[in-house]
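In the two assemblies presented below, chain A is common to both, partnered first by chain B and then by chain C.
Then we have the complex of A and B:
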């Protein structure tokens, strides 16, 4: 696990590079795709970003966090639309605030639904391609390629007012990739897409990553981003809670507060002894309907290792039989939930 | 450039815009025919024509524009052009801007498209220039371009080259008058558009500004005439002063001055000052509105 507060460099799991940053030096490594140096953004008294500090080499990253966690604020700072109150935001070594030039290397697909009902997707994407400073003789080819990539080429000459939400989402994606940016930033790109559309976008993003291009994918749906990358940045309350691949993130949770589900027989008999020996937030027994001696014991505990030791110790007592234990390793959702709880200062 | 080209293309799709543009070409034809007729008719008719034009301009009478003893192109042609700018084209301008400008920025807010504009390497200034250039193009289509075409046609049908020496400054006056009309009006209209996501509010505000100006002008004119009738000293409200309260009449006086139809007076400098302040203020507010919405 790479603690984000330390300013260490975080590499996507596919990459080899995990190297420490140069102490307190503010200057980012020249090869970094994204570099945040103690970035804080205040909206009046509301904190949008809280001392974000990390360097990301080129790669694919999933920015995870619930609604209102600061994902969009961070994206807006990366695209120069929000000025950080403190700290510096750099993309490819260049500051983003008041530096419009860097935007020709960034493709943004925002979360909001953009609708120009009286223009076709082709006209819209062409217009935005022209604004991206593409050479005029390359615009039409780039537009065709982008529309084909998002599988919108057949409907590209229809007015966007007739599009479904999913088609508009694809059009939005097409405008983000039309100028072949070095860094593609997607904010909730799966909104409104049906399962087939999601699959298509996931395929597209995998191809994008395979080409060695940068990707920052913001979402609050874990399983969608897992399909694209296993390098995660977990953000909550404007703070970067954890960063790294799934195993690295899991490692900080092991021994810490988490949810554990235990399947077995007479597990309700464990509640008393366990409750007396470990710190717990919830111990819930849910018997099966057909056999009430068998069921699931759900535990929210502050020290998972103590809980597991207790489980082993009492296994076999009073007819107790443990069939399976499912912890954070089985569900990234649970991991995320645990990190949230840790960050909120909640005790299991 | 791309923003302007796209804006022009999108606006062109409007049926009412195309109808307005066709309609506004008729006054230019009439103006061209008038110049042709002026060059052909006998002096008596020329004087009658001049008198009616001067009355139309509101500049006829003692101490104002006097009828020249013989036909002078450097007086007749500018007067004709001033009326062309002041009446049909100014009214067309109100309609045309009312059709294009209200949606121009407010729809970008509403559709969230502005967010994508600013994810491109363009700044607020370039964005606003593109939006304004769309308006400038269409306004030039109904003012500058037809006026210059009429002038060139006038030269073409004239009997000799002396026409050019008599009227060489007219294209310059046309350009200045166009600038006085186009820049402040587009600035005000886009500022209104930048204040709301609802383009109908911006359209209402735009039209209300002109209507209220007219109402104020006529109300003050009525008050002034009543004061004139009641006291021998006359009213403190002169036409020059009253015109400052109506955007339409303020622009009209400036255009009359630019075409040399009226002489310089303090009212003109006030009119220019107001126009300048309004333009600069609305440009600043326009910039601020867009920037504060999109860049935080």
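Then we have the complex of A and C:
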């Protein structure tokens, strides 16, 4: 999946999900849901997207990247709001810049909040349904169906100023699906949702995908999107770093920099031997308050496989007992860090 | 298309029905009536029964088609795009297939209707207050002036709002003062490019008023009214088309990441 030998360019995954980017020779297949051909976007001297090149057949994809990685720039280009400085952006075979026709096939739920405090969700969704050019006699039914789908029908006639953030997120989702688009693009749809709200949105998106509709879900939190799809596009610094399913993504991490938490007894005795044999950035022992022989060893290591081997080798020495091992938070940041280093041909 | 405009109008009116906006509308509507009523009462108290209808016509001309309409349009037409961009709601509108043009025109119609209602009520309110000094003909002419003012100034402010999403109000205010206010009254040929010149000429023609403006060849040209109407229409079409073209060609990234 990763081609570090190709210089500073990483090709997205091949296989059923994503056609391999093979340079200028490849032409966008008309059946592709999204086709990016060497797309670069510059905001003055700041780069928003850097040589994005991939073809996505119809399906569900998660666009993953930390804040400021270029996700929103890509979405803005897919919805025709900004023009690529170089390259071409096509959705269902049509260019998106200044193309109103393609917008009837796209539903966008932006990350930005909606601030119309003195209108109801029904009024707002109805207004946007009319702007979606639905036939007038179908607007009311479409609005009802969309509000019901996001479970907002009972509160739909309340002013949006009285809504919680979660309810506003549902209203945003309703306006995105009201015209039944072929491709639904969601930018950070889980922001502000409580666990129940997240569950509802995940259910809705699963249904959407099961209907065979296209989905592009942008997020900076991996575990939220993996409940909906296992096809990931990793973007960082405006560049597509990698693409593939969870196993492929995880294979990048294995052996690379990783933060690991180990629970067990007398793990502080491992710090010396481990520190002497592996490359590490952090090795921290945190004993439990009730029993100081038991606790958590947090390690941020450059080569996780070497660390794990060391752990197995020393387990049982001097009373050391390993109870559990797990990778911890910030996986995305770690992953992107790993990808960046791999891309540059470095080991941390 | 009609359904889309109707929806935009309905939604825009619903969202502007706030106590602050209604108060502003009332202020703009009542302020000329209160001023005219006050002047009339003062003259009557002083025993001046020979009130000059021409003076009142001039006064109302500058109060309503100019001050009331310009202020109303400044508030409603200028921020048509900027308010949505600043509130980050523009993306919801611009990514719908109706397109930016329809949204812009829909917002323009809303701004014109809000201001028109205010201006017309103010004109007929003044007609009631002045009674015998304000004929039906004057009221009809003033109503037309209000209509032309709303269409003409509204499209200019919309254009400014399409070009500048920040500080559009400041620029529109400067335009009003410097171009329409000063240049429009300069005794020079350049004043013919202003809406205020055309409105003034139409008013003088249709009301057959005299006074300093009517006697200055730079400020009043006895051209036929259709010439002035054609000039206003051309101005209106050009500014609206420009506003639409500029908005469609501009990139308005919301929350763009670096």
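What we mean here is this: the second predicted complex is superposed on the first by the 291 of 348 C-alpha atoms of A that agree within 3 Å, B and C clash if a C-alpha of one lies under 4 Å from a C-alpha of the other, contacts with A are read in each partner's own complex, and residues count from 1 in each chain.
Assume a contact is a pair of C-beta atoms (placed from the backbone, for glycine too) under 8 Å apart; a residue touches a chain by one contact, two chains touch by 3 or more.
Just so it is clear, the structure is predicted and the values come from calculations on it, not from any experiment.
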{"item": "Room on chain A for both chain B and chain C (clash or fit)", "value": "clash"}
{"item": "Partner chain in contact with A:69 - chain B first, chain C second, else both or neither", "value": "second"}
{"item": "Touching partner for A:115 - first (chain B), second (chain C), both, neither", "value": "both"}
{"item": "Residue contacts with chain A in the superposition, chain B compared against chain C", "value": "C"}
{"item": "Partner chain(s) touched by A:46 [first = chain B, second = chain C, both, neither]", "value": "second"}
{"item": "Partner chain in contact with A:269 - chain B first, chain C second, else both or neither", "value": "neither"}
{"item": "Touching partner for A:95 - first (chain B), second (chain C), both, neither", "value": "neither"}
{"item": "Touching both chain B and chain C, residues of chain A", "value": "43, 76, 79-83, 100-101, 103-104, 106, 108, 110, 112-116, 118-119, 127-128, 130-133, 175"}
{"item": "Complex interface listing, chain A residues touching chain C", "value": "43, 46-48, 67-73, 76, 79-83, 98, 100-101, 103-104, 106, 108, 110-116, 118-119, 123-124, 126-128, 130-133, 136, 139, 172, 175"}
{"item": "Partner chain B, residues of chain A touching it in the complex", "value": "43, 76, 79-83, 100-104, 106-108, 110, 112-116, 118-119, 127-128, 130-133, 175"}
{"item": "Sites on chain C touched by chain A in the complex", "value": "3-4, 6-8, 10-11, 14-15, 17-18, 87-89, 91-99, 102-103, 248-249, 251-258"}
{"item": "For the chain B and chain A complex, residues of the former touching the latter", "value": "2-3, 6, 10, 13, 111-113, 115-123, 294-296"}
